[in-house]
Structure formats: structure tokens, C-alpha cells
Amino acid sequence: MGEPGPGADGWIDGLAELDLDRARRRGAPEAVLADAKSVEQVGAIAAEYARLHADGREDLGPVLFTRADRQRAEAVLAALPQARYEAEARILAWPAEPPASSGGEVIVACAGTSDLPVAREAELTARYLGRPTRLIADIGIAGLHRLQARLPELRQAACVVVAAGMDGALPTVIAGQISAPVVALPTSVGYGVAAGGHTAALTMLSACAPGIGVVNIDNGYGAGHLAAQIARWAPAPEDHS
Amino acid sequence: MGEPGPGADGWIDGLAELDLDRARRRGAPEAVLADAKSVEQVGAIAAEYARLHADGREDLGPVLFTRADRQRAEAVLAALPQARYEAEARILAWPAEPPASSGGEVIVACAGTSDLPVAREAELTARYLGRPTRLIADIGIAGLHRLQARLPELRQAACVVVAAGMDGALPTVIAGQISAPVVALPTSVGYGVAAGGHTAALTMLSACAPGIGVVNIDNGYGAGHLAAQIARWAPAPEDHS
Amino acid sequence: MGEPGPGADGWIDGLAELDLDRARRRGAPEAVLADAKSVEQVGAIAAEYARLHADGREDLGPVLFTRADRQRAEAVLAALPQARYEAEARILAWPAEPPASSGGEVIVACAGTSDLPVAREAELTARYLGRPTRLIADIGIAGLHRLQARLPELRQAACVVVAAGMDGALPTVIAGQISAPVVALPTSVGYGVAAGGHTAALTMLSACAPGIGVVNIDNGYGAGHLAAQIARWAPAPEDHS
Amino acid sequence: MGEPGPGADGWIDGLAELDLDRARRRGAPEAVLADAKSVEQVGAIAAEYARLHADGREDLGPVLFTRADRQRAEAVLAALPQARYEAEARILAWPAEPPASSGGEVIVACAGTSDLPVAREAELTARYLGRPTRLIADIGIAGLHRLQARLPELRQAACVVVAAGMDGALPTVIAGQISAPVVALPTSVGYGVAAGGHTAALTMLSACAPGIGVVNIDNGYGAGHLAAQIARWAPAPEDHS
Amino acid sequence: MGEPGPGADGWIDGLAELDLDRARRRGAPEAVLADAKSVEQVGAIAAEYARLHADGREDLGPVLFTRADRQRAEAVLAALPQARYEAEARILAWPAEPPASSGGEVIVACAGTSDLPVAREAELTARYLGRPTRLIADIGIAGLHRLQARLPELRQAACVVVAAGMDGALPTVIAGQISAPVVALPTSVGYGVAAGGHTAALTMLSACAPGIGVVNIDNGYGAGHLAAQIARWAPAPEDHS
Amino acid sequence: MGEPGPGADGWIDGLAELDLDRARRRGAPEAVLADAKSVEQVGAIAAEYARLHADGREDLGPVLFTRADRQRAEAVLAALPQARYEAEARILAWPAEPPASSGGEVIVACAGTSDLPVAREAELTARYLGRPTRLIADIGIAGLHRLQARLPELRQAACVVVAAGMDGALPTVIAGQISAPVVALPTSVGYGVAAGGHTAALTMLSACAPGIGVVNIDNGYGAGHLAAQIARWAPAPEDHS
Amino acid sequence: MGEPGPGADGWIDGLAELDLDRARRRGAPEAVLADAKSVEQVGAIAAEYARLHADGREDLGPVLFTRADRQRAEAVLAALPQARYEAEARILAWPAEPPASSGGEVIVACAGTSDLPVAREAELTARYLGRPTRLIADIGIAGLHRLQARLPELRQAACVVVAAGMDGALPTVIAGQISAPVVALPTSVGYGVAAGGHTAALTMLSACAPGIGVVNIDNGYGAGHLAAQIARWAPAPEDHS
Amino acid sequence: MGEPGPGADGWIDGLAELDLDRARRRGAPEAVLADAKSVEQVGAIAAEYARLHADGREDLGPVLFTRADRQRAEAVLAALPQARYEAEARILAWPAEPPASSGGEVIVACAGTSDLPVAREAELTARYLGRPTRLIADIGIAGLHRLQARLPELRQAACVVVAAGMDGALPTVIAGQISAPVVALPTSVGYGVAAGGHTAALTMLSACAPGIGVVNIDNGYGAGHLAAQIARWAPAPEDHS
């Protein structure tokens, strides 16, 4: 693939240098954080992927564009029309089809309806990184019976991503009852002292149950990525003992 | 009782003016926060109560001295030898005997062994304000089955004080399963981002279950006081439907 | 009522599972936090209540939709035309008529005119949970005589909710003069270091008068809910001794 | 007096240069913050004042050494035996006798017994800057009647310093009832969210009553200094209308 | 004037109770904080003043409406057409003419051009409370010579209000060179760690020069009010020694 | 094993209820956080384990006592003399021998010498939960060549725990170069804005490389526990492709 | 040039006083922070420069207007049509041509595409202060190989400005590998706990590699100014040993 | 010098790997942060330097041990008796003699006497990195005339380190009057809102004068190191124009 730097594959002059080596180095291909870039910049990056693909690079996908609003999504789709856009999760995947699944199952659970967009971003990321996935919504601890009813499912997972805003207590309650690792995903859902998700993040870091790793607020991509790595070696859902 | 101000009953020149009217005005007698006062100041206040009592004031008790270490406790006991000192809860009560209980039961629950001193301060306060009380220890949410086993008891209470440090999630989990009000009592038990109890306090304020009122960190006295007020009109434990 | 989980009453696939058991378990029916949900999601939840009601479920109300702007209110009213919308308090109640009142009186007091929306949310919540209520506006401590003139009324309440922004000192001043519990409700009214209501929340937690339980900033619903629970067993206003 | 810099009066090589011009420039002589200096440094500064005085400089006093523990106090007294040490307020004044008083009265009020050391530091500072002073202790707002009983006195002051920890609400309550300026002095008395005095400082800055200027936490010296400046032109206590 | 409460002068049902006694009690008439009230509420308050004035109350003015945007200003002017609106300072005064000036001069100094709106609010407040005033703009410490050139003027003031954002260091630099009290007025001008004015407020509270009282961020009204109180007894500008 | 609650195995009256079911439920046995408990409490818990073991319970170990200073360690060793105490890591394991290792290798890397105690706590925890472990010390990013020299080892791990204080940047630099999940462990090593480990925790949550889960500051036990769970299904070190 | 103050060159009545002496005093001419000023104020300042230039002042440039949106840029260009506007960097330079370069090279490196606007502001500032400059984009540490490939260039610089948001770790990684000073420039690029750039700023201050000076978040102007000062005496790029 | 890693020069098994390549890579030799290491660890590191020196490595010095209390200093001196210990600055240098000076002068200025230890650490670091240095003490802005008297000296420096606690305003005032870069060094000297040095750090980052780079609180070593790098190419003091 040659040396990185000016002129290399993935070099977009004065703007970016795509990390094309990432699949080999990390076992997961690149993702482009769209919302901090201009529409033009996002479009230029998508066009470089298209150019490389047209040049015969077969090893590039799947590429994810995260936190993409409709305007940025359209800029990507203009260059990569085979991509798939999930508007609620604000994610684009190119190519549209996820790879064949392998490894253990990743379950993404969320506390409330409002956590769904971030939870869905996590689920899609894990799926495009090759894991079987499932989403369980609205099992917040204010009505604990709903959570307890889903425990048998949760205990089948190789890794559970738990998205929650407000008090962020759900990951602890789940982690204390299962044996798989929990990826705690604080969301910015909340108001007052819970505004922005900071309280949820603090609660998750302070969890009195072990077995929890926390990611940044609203970082559904990071949570799904980590979960996919964790579940990589676990038995497939049907083989789980 | 006369006007407040210099020379009145409870006036300790250049130091303090005891709030002797409090029982009438608020339905609960005065408490003296000991740890921010010098040993001499605490002793002078105890001596004034002793003097008033010797002068025939029968309506003063029970008086509580809170956050009293052993040195301050001894200063109080020197002036008020009938007082009772509970070292773990750092509380002194004068006179030693609590009033006959009335109203509904106050249950104080705590998440871990380390929360016991503050929980016990809350329980003793509620008892000296006249409520029947009970303490339930070590039902943290990392082992949820221990909490669920105590739910029938918790559902009998007129008010539940829930003391917790670290992630402070226990009040929400309890409040979501009972009908009585919960007084959430964050404790300073914790380390890292949970140090000092701030995360627990934020979690409790952000609780997604309604029915929770939060007090200051380690404020066992305030929690017990509020709980005693809340349980005042509720039926006595045996009459609870 | 059957087990919770997929297919149960209240199950809205991929979105939410209504907590229909809440009235039995907690003594107060469910509330739907509207502002963190999309208009479509709020409408779907209202439609599920309408469907259940049409199916003969008589035990569901009153249901509250809180923090509902006009757009979300219209989505609810489309499905539940019998609901009542209070625009200032951003609350919808279904059915429109509150239950017959029982228990002690809940008074909601607020420091300034700007605290009225949140105060009104608290008052309506307590009323729909079955308590007699009253609202006292604009008795901030900058003009203490206005507060002192209302003390006789405040002393009749079984519970007083005190809403205040800026310095948040009003709950302490009231709690120190009455015997009923105070629910302190910080509001986001303020600027500079008081912006967002954080200073008010801190002040309330630090109150030097006991008998105060604090809820989240702008959580009028939570304050009213807690106050209704507290006042449940107290004598009705006319019987108060 | 000559130019400032190496070799000038007040120059202590490699350590400090005393601000001997301050009385002329600011109308108040220098103060030495003792607690951030070593015992030796404090002693060296005292010795330089002694040397200058022995050299005939008559215009230096009164000099204050603030936040001086006993060890530092002894270092000062060794060099300036005519100084006076007030241990509770941790302040040394040299010479011991305050100047004849002029201007309006400065009243220092404090919320609780624990605020006394800082309040006394403020009072002594104002007195050594030449104002008539008075101290009113223990009028916290949890027992508002005690404060109201002292209002006639407070209304006589040309400036009121109000020291308070915990919720820090006392300055607002006083300022709303008098016409003189209030210097709000937050103290570090408190625990939990009130620890260190930060909540008190925020409350005071957020006060909804105008007429309040806030100084740093525990800055009794600064509060007394500002109050003395404010009261400078006001009529003497007996002439106050 | 009668008792406060329902039906009294200044009572606006369900909305507010004007503090008409304030001039007598505090020596300064009421101000209405407009931006946290709806346009209708501001209009209703203005209308009540108009009604009282029409009823013969001669003692009400001057009344200030602060933080009034154009929409709220128009609501006031509709009811009180004699009022004066200063758009930059967002302040309305009724009646338009300030009272005859008395007491010492209040100088308002500001660090940069961007601090002008808040500085002007402070100046107008002091003027409507009866002091002679002056405004000195753009003397930030990044170009210290500009400040030093204005020192002779600043030394004539009975009180100096210093408005500054960003690092908020200007009040210290001025206070260290004059004998009058300084009211430090942090502004929200700034970005990065200075955003919102919090750093400026902290700097001002931490000032190493005594003689500074701090008000809330952007609280030009409070600063001007305090300055007017401070300057009340000082000699008029021409008599200053 | 019977129901939890009073009288059950593991019940220590008025103090604690051991979570004996944890090995079955979570796949990892209980750990006792020692530093927030009194010496007597720690001793009583150790004695209960000894009693249960003497009663024939063979399934209890390994039990870890974490954050145990020498005094608490001696209380444990008095009851459980077969336990092993690692003073630097402040951890006790009972019984002393770790279980036979299974699953993939856990490598614990630390940025500086000062992070060693926490890193060692993580390593021992993972080992007592049954994983093969290795420790790599002093590869902070200020001298990046030291880290790069260890990359081949790091790439063999099934999970890497990265302990770092100060700026906390090491986990990102490692995660960007390997394919295994990284558990980021902020330590309280640092001063100034890095004091207490908060900056390190924030940096780790903000990491621009995906594949990182963060635990609480100084939570070596939690990091090792999570890493052991993650590495559970991975191939043993020698089989790693 | 005469005394500063009213009537002097650069005096804009009631608005600002330009610091025309700055080039002589500081070696760098004035910059006008545009975004906190109104369009009219910015235009008036530009007009004063135009007036002075027309009056024969030849020594004024280059003047920079920073943080100028298009509206403010147009106000400047109306008065100073020879100015150059760089929209991405939001900077205007007058006159358009930078001075001949001298001193060592300033390299501005940025972690991601989103940091480009601030990085470009830094680069242009250094160039208009007379240094040779270069920009290196998108070398974030998540893909360390891209950074390592640019090390030879970075080692040629006399000073490197490193702009980064999110975790802000890039300056440490660079500083540890070069001998020139690093100016760390945190950007507000980020979300969750990294929102606003505060985490990046904290990380940079906590850097474990020495040789780093930090400026305010998004302060590209300040970073470029400091870098230009640092590189002033260094050999020109071609002479670098 | 061989590859880094186990067995290399500087390798201390299980503890540390000295960065012996640093002088070549960074132009400045290693420093050992002593206070976060145990006495034994510090001693082991000193012993490794002694061993390497005895083995003929001539290129190692000067090595600095920073933040060394007396106990750690003795551990170093036992292994490296030629080292020099400066107790006030808590720094050890080995060998004792600094290198011949080159480059421009570094002046370290400090605001108050209490900032001297950190200021002295900065000065010694710059001197051992080869620069001519000078220390100017006690020129805080509360007495601005003292600072102005030293301006001619300050204007000769190639770089000025400014150490200040409390409000941290001194660096801005100096930077605005000189042309050399300023390294702003916040110190933890302060109390109340200034405690720990955070306010000083924020003020320095917010400085309205450009030309300032900030280091961590109390990081005298880092400030001196950066200043030495900055002054490297500047003319020697006597040649300065």
C-alpha cells in the first residue's frame, strides 16, 4: 500500500488522509465522523473512497459515516450511491450489505424511548463489524419488572451495550445479573442536573457492580465497535452454553 | 417565652442564641451541629440547656447533637450526663429515652456496609422525633436479589430513607417498586469520580422514578427529620393496609 | 394483566412498553415525558392508551404527558381528544377531570413570576394524583413581607412545594417557619452563575433548616408527585389541627 | 520615599518588597497574608517593619498580619512585641491600638456559631481601618425570628458584612430589608455539596435582592476592608437618620 | 399603605405582587427583571404601575425594567408611554427623567468595547438611583497605558464599577491604585474557558487587592444599585478632597 | 442455597449479607471493598467466609479483599490464614492459589512507575478470575519509542488494560494500533489540573480511537474483572493467530 | 504619538481607543476581536484605521480582524477595501500582503479535518506577524503512522502549533519527539465529555511531556501570535541545523 | 545505544525504563518526577544512573529529580552523592554544576512571596538546561508600581516565566508590555475559589493579551523547560538589541 503521506492512496490534499490501513491493523475499517466536517469535506471523503474503489481497491468496506444529518448523507450518497442511510441512527454504511456475521451476539438495551437513536447507532455499528445483533428497548429501572422479564435474553449475549440517560443506573442493574461484559453508553437524554448526559456518565463510571466499561456520551459508534471486538471470540448465539 | 435577643432564654453571649421556640413552630426540637463548633462552644451550649432545665423548662427535649466526635460528645455529657451517645452515628440525644412513637414507620435502607453510620444517624433522628423505625443494611443493587427479598418489608413503610454512595442508584430502584415517598440520602462513600458523594447526589436528583426527595450528602439528620415529618400522619405499622 | 414483554398490553413494538401496572404498584399512574420523544413517538403512545381504553381497560387514568410543547400536545389530542392541555405548564391530562381529592392540601409556592410554569406543573400533577391544591405566587425573599403575610396559609398545608430559581433560598426560609415537609423545586430561571438552576439546586441541598427534600431542576412533575405522596395520609384541609 | 526596587525601604532581598506607599495610595495600610508564607518569611517581614519603625518611619501602621496561626504569630511578636494577636480571628495588629474611629458603623453579622472566626476577622479589620464596629452572631435564617429581632440595629449600620456558610442565603434576606450596602462573606463552613463554601458563594452572587457585593470565601480581611471603605463617608452612628 | 397580600395595591392576581414598599424600606424603588417573564406578564406589570399612578400614587418612581428586549420594551411603553428605553443597555426607566443627583460620583469603567451594554446598564441604574455618573470605555489591561492615563479621573470617584469579561483582571488592577471601593462586574464576554463569564467572576473573587465586591455575571443593574448605595454619603464630585 | 435475607448463609446481622450466589450468576466470585469498612467489619466478613468454609462450602473462592491497608489485611489473615496479601496492590486473595488459567491473555500496561499499584491490582484480579496475565510497565507516551518496542507483545493480548494518570492519553495511542479491546484505567496520579485522575478519565472517555471502555479512577479491580470477562472466550496465548 | 486618552489618534468616542503603540511596545500590531462587537462597532474601528492611514500613518499594519463572520467582514472591507478575508479562518488582514518573512518556520499541525479553521487562523496569524509557515492536516493519534510519517518535517520547525479537539492528546505525542517548543491549541471540536474543548485543554495542561504551552480553546490567533514570537530568533528554515 | 526494552541500558526490571535517548531526541535530558514514586523507587532510579555512569556513559547529565521531599532527596544523594539538592524548590540536579549557559536570558517573575518555591523550580530547570537566568520576586499587581519599576529588566529577557496564584492576572499585565513570549505558571497558592490554582490557570488561559502559553499548576519544571527551549536561539543577554 505504500507509505502514508502526500500523494498516497487516501490523501485528500489540505483536508485529510484516510486511514486505509485500519482494517489490517485494527480488524475494523475506518469510520468518518461527519458532523464536525462541512458538507463539502464529507463529500470529498466519500468521493475519494469511490475513486479508490473504481481503481480496484476491493478491501475498503464497510465504511461508516457517523453522526450524519440528511444534508451530509446526501453528499455521501451522491458519491457512493450504494451506501445505506439510517436516518434515526444518523449513520451511513457503504456498501449497504453488512458482512456475514461471526462471533457472539451483541445485544443493545436502552432505558427509554428517547435513547433509541444512539442505541440503534451502536447496534448498526456492531452489525457492520460482523456480529449478530439484537435491540431491546424501554427497560428502564423505574419499572424493573420490564427488565427482569428480558433477563433470559440478556444472559445469552456475548456482550450487552446498555444505553441510558438521566440517572444512568441501568448498566449496573444489568451487569449485576449477567456474566457477559457490559458496555455502558451514557446518552444526552435528560434535563436539569442530568442535562447533556454527564450525570449518566458519572453514574456508570461509579457503578458498584464490576464488569462495565464506559464510552463517551452519545458515542453509539464507539460502543458498538467495542462490543463487536469483545464478542469476536465468543460462541455464536446458538452454541452458547 | 419572651422576645428573642440579648438576655433571653437560650442567649449565650457572643456565641449563640438557642432556638427554643422550634418545637412549637416546627413540631421538632432543636439540633446542634457539633463538628463545625469548637469543643468549648459545644460544651457551652450543652450547659445552657442544663441551666434551662434546672430552671424548670420541661419542654426542651429531645435535643440532638449531631456529627459529634468523642471529644465533643464528652463535652456534652459533662453538662448533660443523662444524654445518650451513639458513637457510630456520631449523635447524642438528651434525654436518652426517645418519645413514645406515633405515626407511620420509617425504614432506613442502605446500599452497603460503609453507609451504616449515616443510615444510623437518620434512623436515630426519626426515632427521637417520635416515629417507629427499622434499619435494613447491605441491599445494594449489584446483588439485586437481596433487595427484592426485602421488598415486602419496604412496602410496609410510611417513608423509606435510602442511603447510598458510589453510583447512588438504589433510591430509584426502590422508589419504582413501592408507593411510599423515598428520602434519598447520598453518602460520601466512594472514590474516583464518586468521591465525596457528588455523583450519588446527582444520580438521585436525576432519578427517572418519581417520588424521591434528596437531601445533602451525609445529612443523615436531615433525612431522618424529613422522614419523620412525612410519616407523621400515616397509620402505625400494625394498622397499615 | 399477564407478563410484561413482547405482545403484552402496552407493548409498542420497537419503541416502548407502557408501565400499566404502575397504579397498582406505586399508587400513581404512569406519566409520559414528551420532550425527549419525537412527535410520532408521543402520538404512538397516546394511540396505545386509546386502543387499550377502547378494549375496555378502565383502570388506566389519569395519564399525564409532561413537557409537551404544542406540537406534541396536538399529537396526543389527536388520539385522546378527551385530554386537557395546560399550555403554560406544558402538561396534558387524560381524562381531563382530576379524581376526587383526598388527603391533605398541597400548596405550591413560587419565588417569582418566572417560576410559574414549573410551579403550575407541580400543582396540576398533585391535583391529578388526587390532592387538594393551591398556588401562591411571587413571594420571593427579596421582599420578605410578602412571604410573611402568607404564612398562615402555608402553615395549613400538609406539604409545601417551593419553586425558586436564582439563589434558591426560599425553601429554607419557608421550611424554618412551618411544620410540614417542604419539597424544594429548583427552576432554571436565572443568569450568570445562576444559569440553568444549578445554584438553586445546590442552595436547596445545603439548606440549614431541616425538613426539605430536593428534586431535579424544573422537575415540576416529580415535585408534585412527591408532594401528593407525602400529603396522602394527612387530614383534609378543613380538619387540620 | 524614593523609587521602588532593590535597596528601597521595604526591600527584603530575594523575598518581598513591602508596599509602604499603600496608605497614601489606597487610604489603608498594608496587610500581610501569613498562611502562605513560611514562619521565617513572616518573621523577616515583621523584622523589616521593626527596622523601619526604629529608623523613624512613623507612618506605617496599623499593619495587619492575617491568617496567622500561633507559630507565625509568635514570629511576628518576636519582632514586633507591641502587636496584638487575636487567636480566634487569626489576626495580628501592629500597633495594638486601633486608630480613632471615624465614618459610619460597620456591623458584622454571622449566620452560625461556626462562622465566628471569619466574622471576627472582618470586624477587626474594619476597626483597624478606623470604623466603629459591632458583631451580631447566630442569626441564621433557619430561625428567622432571631434575625428579625435584630433588624433595628442592622438598619443603623452604614455597611453590613454578612458571613454565612452552608446555603449562604442570609445576605439576601438582610439586604432585602435594609438600605445600606451588604458585603457578602461566604465561609467554608459546610459539608456535602456545601463543602468549602462554594455553594454559599454562588448563592450570594445569585442573590435576587440588589445591594450585595461578594468577596472570596473566608476572606474576612477583604470583607472588613471593603466595608470600611464603604462606611468612610457615612455619618457616625449617633448622627444616623 | 396597608397589608401585603391579595387585593392590596400592586397585587396582580395569579402573577405578581409589586414591592411598592421598597423605596421606604431600601431607599431605592423596585426594578422588574423582564427577560424571564412573558411579554404579557411584563405588560401587565407596567399596566399596574400605570393604574396606581392614575390613582394618585406619586411615590412610585423611578421604576426600572431591566433586560428588556424590544418586544418587552414595547409592552412597557404601551402602558407607560412616558418611559425611556435605552436599547443597548436593554433598560427602561419610568419616568424618563432621572432624579436630581446627590452623593458622590459613580464611574463605570469597562475593559473592552464588548462590555459596553452591561456597563451602560450599570451607569443608568446608578443615575436613576440619584448619583452623578460617568462611563470610561475600553481600558483593558492588555494595553495598560490607556488605563493609567485615566487614573486621575478614576481617583475622583466615590465608587468605581469595573465591567470586564475574558480574564476579568481589570478590577484588581484598578482597585490597587485607588482608595474608593470597586464593584466588580463580570461580563459574559469571552470564549473557550472564559465562555459565559465564569472565569471573570472567579478572578474577581480571587483578587489579591482588597476593596472589591463582586456581583453576578452581566448583572449591570445590581452593580449600579450597589454603587449608588456606596456613593450615597460621599461628597459630590466638585467637593471631593 | 436457600433464600436471601435474615438467617441465610452469608448473613452477618446488622452489617452485611454476602453475595454467595455471585459465582453462579456472574461467573466471578465476590470481592470485598475493604477501605470503606472498619477493621472490625472487614474481620467479621472474613470470619463468615471461614465459618462457611468450615461448614463445608467448597464453592466460595477465590474471594478478593480490595483496597486493604495493612491493618485490614491483618484482620483478614487472622480469620483466613491461607489468604495471600499483596501489599503494593493492596489486595488479598483467598485461597492464595489462583485457579488454572483459561481464555486469552490479559496484558496490563501502565504509563509510569507511579501507576504500578493500580496496574498490579488489575493484573492480580484478572489472574484470580482465571486468565493468563502479564504486566508491562513505564511505557508512557512522552517517550513513544518505549511503547512502540512493546507493540508485538501487546498485539498478542486478548484484552489490554491500560493504566495512566496525568493526561491519560496512553489508551488511545495503544488502541489505535491493536485489534483487541482496551480497558482504560485512569489513575489518580497527577497534580494541578490532573489531580485526582479526573483529567485522565475525561481524556479516556474522549478518545478519538474506538475500542476503549473506561472504568472508574483507580478501579484496578474493576478493570481486571472486565478484562477477564472480555478475554474469556479468546484463544489461549500460544494458540493466538 | 502623543498621550493616550480622549482626542488622541485611535480614539473612537464612547466606543474604543485603538492601541496604536502596540507594534513598538510588543513587536506585533493590534488585532481586533470581531465577534463580540456589533457590526457597526467593527465598521467604526475599520474606518478609524482608514482615516489614520489617509492621514499619513504608515506604521499601522498589518492589522488583523479575528473571528469575523461574513457580515462583519463586509463592514471591514467597506472601510478597508485593500484587506483580505479568509472565510474559513474567519480572519481579515489589512493590508492583504503579509510582511517579508523572517525567523524560524512555524508549523501548524492539526489532529482532524474539523480542526482546520482554527489551525488556519493560527497559521495566518503567524504569517502576518512575519514568519514562514506550513500547515499539516489530519495527523490524529488514532492512526499514529500518519503522524510518524511527518516527523522529519515537524523536526525542522522552530515552533509547532498543534491544534486538537476531543481528547487533545496530539501535542504530547509530538512534543515528546521533537526539540522545538509546542504551542498546544485546544479546539472546541468534540461531543459528550469533550464538548466545547474543555477536556482537550485539560489534557494539554496535564501533558506528561515537557515543552508545551497551552492557549485558550479555539484561540488560533493567540497560538499563532505566540508561535511567531517564539520563532523570531530561530534560523530560517534553510539554515536549520 | 541499542533497542529499548527488557535488558537495555536504563531498564529497571518491573519498575521503569529510563529514557536515555531523550537528550538526542529532544535536546534536553530526562527528569524524574519524584513525588509520585516511593522512596525505594526513586533510589533505584538514581542507582541505575550511577551504574550507567560508572559503566562509562558520559552523556547522561544533567538529570533532574523534581518534587523531591527530603526523604526522596536522601535516597538520591545516597546513590549520586555529587548531586545538588535545592530544598525550597524540591529539586535535585546531577551533576551539581549546570552546563555553560547559551541562548537568551530566562527571567522568572513571581507575584508573591508564596510563589517562590515554584518560581525557583522553574529558574533552576532553565539554568540546568543551559540558559542564563534571573529571578524577580513579589511584583504582584495589587501594587502595580513595583512591577512597573522592573519593566526595563523584563524587556531584556528572551522569555519570561510568570508564576502567580490567587487571581493569576500577572502574566497578562506583563505580556501586554513586553515583546518576548510569556510562559504563564499558575501556582496553587490561594484559598476559597482560588484554592488549588484552578482560577489562576483559567485566568491565564483567558488572558486578553496574546503571547502567553500556560503550563499546569505548580509545574515549575515544565515552565522552565519550555522557557529554555524558547530562549535557545535568542541573543545572549549582553547582545540583546
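Brief remarks on what is shown
Which chain is which? They are A, B, C, D, E, F, G and H, in the order written, and residues in each are numbered from 1.
One rule holds in what follows: a residue touches a chain if its C-beta (ideal position, glycine included) is under 8 Å from a C-beta of that chain, and two chains touch if they have at least 3 such contacts.
Source: prediction; values computed, not measured.
Using the average of C-alpha coordinates as each chain's centre, F ends up farthest from chain E. Its C-alpha atoms superposed on chain F, chain B is turned by 90 degrees; the angle is given in steps of 5. Comparing the contact residues of chain F and chain H by number shows a mostly separate set, under half of all numbers used being common to the two copies.
When chain centres are set by their Cα atoms, the one at the greatest distance from chain C is H.
Chain C and chain E have Cα centroids lying 36 Å from one another. Once the centre of each chain is set as its mean CA position, chain D and chain G turn out to be 44 Å apart.
Distance between chain centres (mean CA atoms), chain B to chain G: 58 Å.
Each of the following residues of chain F touches two or more other chains: 112, 142-143, 176-177, 190, 192-194, 201, 205-207, 216-217.
Of all possible chain pairs, those that touch are A-B, A-C, A-F, A-G, B-C, B-D, B-F, C-D, C-E, D-E, D-H, E-G, E-H, F-G, F-H, G-H.
Those residues of chain B that touch chain D in the complex are listed here as 3-5, 14-17, 19, 21-22, 33, 35-37, 41, 67, 186, 188, 196-198, 201, 216-219.
Note for the complex: chain F touches chain A at residues 25-28, 31, 104, 158, 176-181, 183-184, 201, 205-207, 210-217, 221-222, 225-226, 229-230, 232-235. Chain E contributes residues 112-114, 116, 135, 137-139, 142-143, 145-146, 149-150, 165, 189-195 to its touches with chain G in the complex. Contacts from chain F toward chain G in the complex involve residues 111-112, 140-144, 166-169, 172-173, 175-177, 190, 192-194, 199-200, 202-209.
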